[in-house]
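Each of the two complexes below includes chain A, the first together with chain B, the second together with chain C.
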Partner chain A sequence: MRHILGLIIVLLFIIGFSLVLIVAGNYILPSHEIGMLAKYYLYLAYNPWQRNFTVMSPEAVTSIVWDFRGLDTVFETAVFYLAIIGSIALGRGIVKYIKPEEEELGLSLIVKTVTRISAVMIIAVAASIALHGHLTPGGGFQGGATAAVAPLLIIVIFSHYYLLEKGVTKDLMLFLRSLGLTGIAIVAIIVYLIALPQGIHAYVLQNQPKPDSSIGLPAYINGQLISGTLWFFNLFEFFAVMAGFTIVFLLITIPERAFRKEEEGEKQ
Partner chain B sequence: MISLSTYLLTIIVTSMIMNLALALYGIFFKPHLTKKIIALTILGDTANTFAIIVGYRRWISPHSPSRPPVLVDYANINQEDLVNFVNTAVDPLPQALVLTAIVIGLAVTLFLVFLALQIYRLYGTLDVREIKRLRG
Partner chain C sequence: MIEDLLVIIGMIMLGIGAVADLIAAIGLNRFKNFYLRLHAATIGTIWGAFVPLIGASLIAAGSPCLGVYRWFVAGGGLAIAFLVLILAPAGSHALARATHRSGLVRVEPCVVDHLNEDMCVKEG
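The block that comes next holds the complex of A and B.
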């Protein structure tokens, strides 16, 4: 019975993909032209002559992520948040771990020295990726994912306890992540909050002025392009993603020894 | 008349469909949870590559390549440059969707890995056939 079911699934799969292959020749293969919608996005990403429609960000991808389709990204952040929450819920209860008595933890001195230098460089590059997200390819998501590599390296090379002794605990990271998420929520409604006392109506996730709403965050501050809300979104998303990944790395590398002790305690 | 670039692009798309089929096979028929997770990441990456390929713009000639959707010299831009940019840049929308999908996929993968780790700690196995037989 199960073999027949498997056979039917494989058959349906082949038939379905044959259909996709027919279509592939016409649509999946890239053509010389792109869609009309994509052209509008490219045209309006940075366009000083259309101030009521533009995002004022030369990076079309970031302007889509946080302005044209900002609501999508807010929901994606919610999915990210739930995945991290799921990991924390799975890891509850295993919090007591005692540092072992051996003197030297981690890898050799050479590796540790190299890591000391490169971890700082990783954080610097990640901050650059995140804070220039509205100018060059990059943004909060990529910067946060890059920055999370530094604690992972430190955990592998120095040991789990080194990071905890330096103050990078789960609670601190939870606080940072909540700070990032609160920041995203505030930036999403900040134009609305500014417009409210002036009696002008504005939209959630609004960045630059719209035809029926003359208010928006400034695109330039002191001659520097920050593209209104995009810079703030990238900054807060950077913290949320970096702290979220660090929490999971901290939980996933809890030494097996600590878990065994917990389990024995439950049995007694 | 079959052009060489069309043929090469068809090879890419066909191999990606094969990749997708292999990943689905791994998810459905491999009994080990780690292998299922690896197959799932391959599936996600293949789907992302599909999205990027859909949004790619083919080169008009070998000497006029398509550009990434980033305006480099935005300070001294004029209308003509902007129109030229719109007519040569690739589609930014799939890239924006893939960008978030990669990070979300990493978070979900980490969650699944942690789940598998806890299953191993509690049951001592990662074989789904054995996990199914366990009670309590």
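The block that comes next holds the complex of A and C.
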């Protein structure tokens, strides 16, 4: 009886909610001008004949994310940065790892060998996702999240201590991530810094030349399309996100007994 | 000529994959314990995924109507086939080893278990 009552309530909720959505959907229609915006994005993403408006990237999503609404993405990166800072603050003081000596660490040799092969392939795929972010779907965040799967696999299959002994420590990852964020900050103002000594007017987060500012990063280097700042944004975002996720994985996989021993040591 | 041969071999491999997937599904349903079902599941990933992927790459390589992109399809298929080939057995091995070592699932019915005699539950 209670099951049927619950089912009816859930069903009524779903039907009522979809009714509200249908009614609301009729009123919140974007105006015609906003609808035209999507057309302009597609038209201007890669358009060598409109050099003052284009991003010179065939990937419309990346050109929106890092150019048309670049400031928004920089703030998103800052939010991610703060989230990682929060998790590091939660895990502060846990620095001394006591490695168990007699126990066999990790899974069997077969799984370890397969992981050795696949971890390298994961990093390669992640680098290709990130560095081709301005040509094909993908980008710095997606590539970094993919690359962070490799340390996660190594933590699960080889153990936490293996990664630390190989030098992938929290401090190194913190350094890499700070390097990535500094890179993003520099790329965001690099056109402005280039334009400043020449006395030309330029904007923050500018990529290609604009109607009132004739300066921009080159779209091609040696015949290869790099879309100005987009390639550098993707590269630095890749490092920042990969290192950030690795820090979180390292922190959440600290074995509880190492933590407990530390606590007991403090009490004595 | 060679292209027709590639397509025919690819089709045969796709057929083998379909039959193997059916056998693996029946095995997964009918086998008596966890370890045997894991064996059936791995049949489904090697004969039912690795072999058809190779077949699909061969068909792509033997279809000039796809243009130059057929080499991308074929190469992608081969790379994925290699990954499935090494990852699927490692996964089922890790599952079986962890389950047996932790003593979570007993081998039942069992003929002989050299790793741990206590886990072996003989029939009857």
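Observations
Note that the second predicted complex is superposed on the first by the 235 of 268 C-alpha atoms of A that agree within 3 Å, B and C clash if a C-alpha of one lies under 4 Å from a C-alpha of the other, contacts with A are read in each partner's own complex, and residues count from 1 in each chain.
Just so it is clear, a residue touches a chain if its C-beta (ideal position, glycine included) is under 8 Å from a C-beta of that chain, and two chains touch if they have at least 3 such contacts.
From a predicted model like this one, the values you see are computed outputs, not experimental measurements.
Applying the stated contact rule after C-alpha superposition, one finds that A:S108 touches chain C and leaves chain B untouched. Once chain A of one complex is fitted onto chain A of the other, the partner contacts of A:Q142 are limited to chain B, with no touch recorded for chain C. Contact with chain B, but none with chain C, is seen for A:F17 once the two complexes are overlaid on the shared chain.
In the superposition on chain A, A:S118 makes contact with chain C only, not with chain B. When the shared chain is aligned, chain B comes close enough to touch A:A45, but chain C does not. Contacts of A:M173 after superposition on the shared chain: neither chain B nor chain C is touched. By the touch criterion defined above, A:V191 reaches neither chain B nor chain C.
Within the complex formed with chain B, the chain A residues making contact are 6, 9, 13, 17, 20-21, 24-25, 27-35, 37-39, 41-43, 45-49, 58-62, 64-65, 69, 72-73, 76, 79-80, 83-84, 86-87, 90-91, 136-137, 139, 141-142, 144-145, 225, 241, 244-245, 248-249, 251-252, 256, 259, 263. Taken in their complex, chain A has these residues touching chain C: 107-108, 110-111, 114-115, 117-118, 121. Considering their complex, residues 6, 9-10, 13-14, 17, 21, 24, 28-29, 50, 53-58, 60, 68-72, 74, 77, 79, 82, 85-86, 89-93, 95-97, 99-104, 106-108, 110-111, 113-115, 117-118, 121 of chain B touch chain A.
For chain C in complex with chain A, the residues that touch the partner chain are 83, 86-87, 89-90, 93-94, 97-98.
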